[in-house]
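Below you'll find the structures, each written out as structure tokens.
First chain A sits with chain B, and in the next complex the same chain sits with chain C.
So, the complex of A and B:
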């Protein structure tokens, strides 16, 4: 009698929500960012958000999630009395043809929101929108099984997917209003918290899934953004990708450009280059390497969209 | 079209009703999409053998992008588990309910995390600042900005 071969060990699979393990440590008690908080304990993104909210409070501005396009000179004006290094860099960007910016709210989601907006807008302005949308939706559809493969529950992400897919489809298919998506509708969609945040969440999950399915490519670069300690893939994704309002860095940008097959350029406006040049960090994942990249403007702790022409 | 929040909660409820809750967790009440209650107990060896607790979930219209407000019920003779992350008023200091909440988590995922938090407890004691916190705590635990120590769930 032959004994049946032992069944292979089950593949390690994340539990539906990939829940963190718990250890018992005493808690340190509630703490808030107050006027007594030591600024040096905050992340650059927190400092940016704090600055912006103080500034908005002082000037009575309510900032939308994403703003109308504005001349880059409006940004320059903010630095004219403060930082000549930033002014020089903004002038350099202008000479390179970047005349406009589109600002996003500093809420930790700004990278994902900027990419999402520029990504949808790109399809809307494509020479052949029907073809661009068809390709975009096909790429997006292929991410559904990918999310399930890394252990996310379908019910936990399909609503976010639907929001993004129907926005893309509305570029070519008339909506209940009888109209297809135009610039006004696109801005409205991204200013509506439900639509805008749903799309941000979906992009976060895509980013996380890309890191989880290709751990070898990312593991050497996963560090705790504040402590600088190496982190496990799952832990990094749960804490710094999937959680809402967590700022993105190089790893997240690489992963997102890869999963959406995008070329992205990020201009680093940091006042550091003494010649007034701006360094671009390039992400190249589009099937056509020469495809014009989406351009973002990074200032320490924040991302906006950089636009070359209106 | 129903809001994302209502659609998602309807799906979660449907899953609970068709597939049941995990062992040790039972749905007590889910009459609307504003507040749900579950009983929760730790199965097997633990410091909480024989104890059954009640969890209250409150949802706002931005769920699941915004986290649910989750606490143990401490009225009608019910008590919160004595645990270093659980205050005597039922509030829970857990990062997944605060700044590490992710919309990919679900109500059941939260129940499981809290169940596992209790199961792994080595010493029954209250958080060191329990009395001070409970005196000033807001009604909704989401209004508290807890300081997480990196090991809290």
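So, the complex of A and C:
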């Protein structure tokens, strides 16, 4: 999905002195960032989007939904003239064996897209892919009644399920092209908006359903991300889980790792640790607690995939 | 088949099979992506008894992008433009989720009629009317339902008037006595209605707006 281009700033309107306004109120969409916007009023996600769009504009790049794997040094290069604290943290990650990243578009779906990609890729590279797929599809199938139980209408989610299931099945069963899924095919699938966004939506619905079926576990942690006020389960799920392009936070990560039975590590690259260490937040939901976790890299307002390989 | 068309076809079929909701979806022309939604006004509100038509446009990237909806039937409500039918509702904008459907969105419009949000208005004038004098607002909304949506009107009150059957004073949510008062000063009736409506000359506001102020506006 592409983020709509920012609309140009509008000229100030003169108010008639005596009469109250007769026009309709302007339609309130998401807060538009203009050259007059005070940076300090923006959320971290907005600051990230702004940085990213300025960077993309400057370099003439349209970032794909998910990118080719790239050495982590490319990320380091972006901070070399900026924040020494980030550079130190990136170097620390390198010493821990994380040499590559796979970047995602900063459209608010980056957490779900990163997890989805890493989750499918993991099955593709499993020692026994047939077994991994069989297990994965079984877990996924069991989520269908769960989504209906929390009140989603089947016709509104079955298409998204089908896209994800057939991608998993294609790891072992040849597709129409006569080939099974390989690295190129996987990247193509995740770069195609229809496939990629269908999978993102399905993961959002799974996350929401997990929160809705276990409200006691999540209710104390549901706060409005900008106002900080406590929220009802249903309202939180509708506005900050199911809605498109909404950032994920700790609650969503916990719920998604639980429903997909995944171990996930999130490396927090925030430039805060003066010793250059990076904190990992761990989510452990795999039946085998020692299963190697999927690794994500968090920078304020954004998630990418972190790849540990030689 | 294209995924958007497959989804829309399923939604239309589902709505056809569900008689209980009272929601209908019909084609406007040959395009399956330009539709008309129809729902009854909710009971216990000024919209009860009316039938409301909604123009529906399914965008290219549906269901990843929200459906576009606006009222075809004129509605007197703080979150609906009384002129254009444009709707202020979060799920039609940044709270859209692909798990929502045409039917569930129309049901949300129906609930919006039950619970106006004057603090996030689409029609500022109507919102002011609502906040200043809820009773008078409800009379006007009921009258609009009768005139535009085929509603029964307010029981026991004769709303019939001469000419085209519309009482312009009631349409604007004003008191006949106030309009008569300024018309008697020699101003054209239509202009008086327009100015009093814009000044929100209703309820307790009447005592706060001086006659001179009204006349000043009328002379502009």
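Just so we're on the same page, the second predicted complex is superposed on the first by the 278 of 310 C-alpha atoms of A that agree within 3 Å, B and C clash if a C-alpha of one lies under 4 Å from a C-alpha of the other, contacts with A are read in each partner's own complex, and residues count from 1 in each chain.
In this text, contacts are C-beta pairs under 8 Å (C-beta built on N, C-alpha and C of every residue); 3 or more make two chains touch, one makes a residue touch a chain.
These numbers were taken from a predicted model, which means no experiment stands behind them.
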Partner chain in contact with A:229 - chain B first, chain C second, else both or neither: neither
Partner chain in contact with A:197 - chain B first, chain C second, else both or neither: both
Partner chain(s) touched by A:216 [first = chain B, second = chain C, both, neither]: neither
First (chain B), second (chain C), both or neither touched by A:244: both
Partner chain(s) touched by A:288 [first = chain B, second = chain C, both, neither]: neither
Partner chain(s) touched by A:155 [first = chain B, second = chain C, both, neither]: both
Chain B versus chain C as contact partner of A:205, first or second or both or neither: both
Common interface positions of chain A, toward chain B and toward chain C: 19-25, 27-30, 152-153, 155-157, 159-160, 193-194, 197-198, 201, 204-205, 238-239, 242-245
Interface residues, chain C side, partner chain A - complex: 3, 6-7, 10-11, 14, 61, 63-65, 81, 83-84, 86, 88, 90, 93-101, 104, 120-125, 127-128, 198-200, 216-217, 220
Complex interface listing, chain A residues touching chain B: 15-17, 19-33, 152-153, 155-157, 159-160, 163, 193-194, 197-198, 201, 204-205, 238-239, 242-245
Complex interface listing, chain A residues touching chain C: 1, 18-25, 27-30, 152-153, 155-157, 159-160, 193-194, 197-198, 201, 204-205, 238-239, 242-245
Chain B residues touching chain A - in the complex, by the definition given at the top: 3-4, 7-8, 11-12, 15, 62, 64-66, 84-85, 93, 96, 99-106, 109, 112-113, 116-117, 120-123, 127-129, 132-133, 144-153
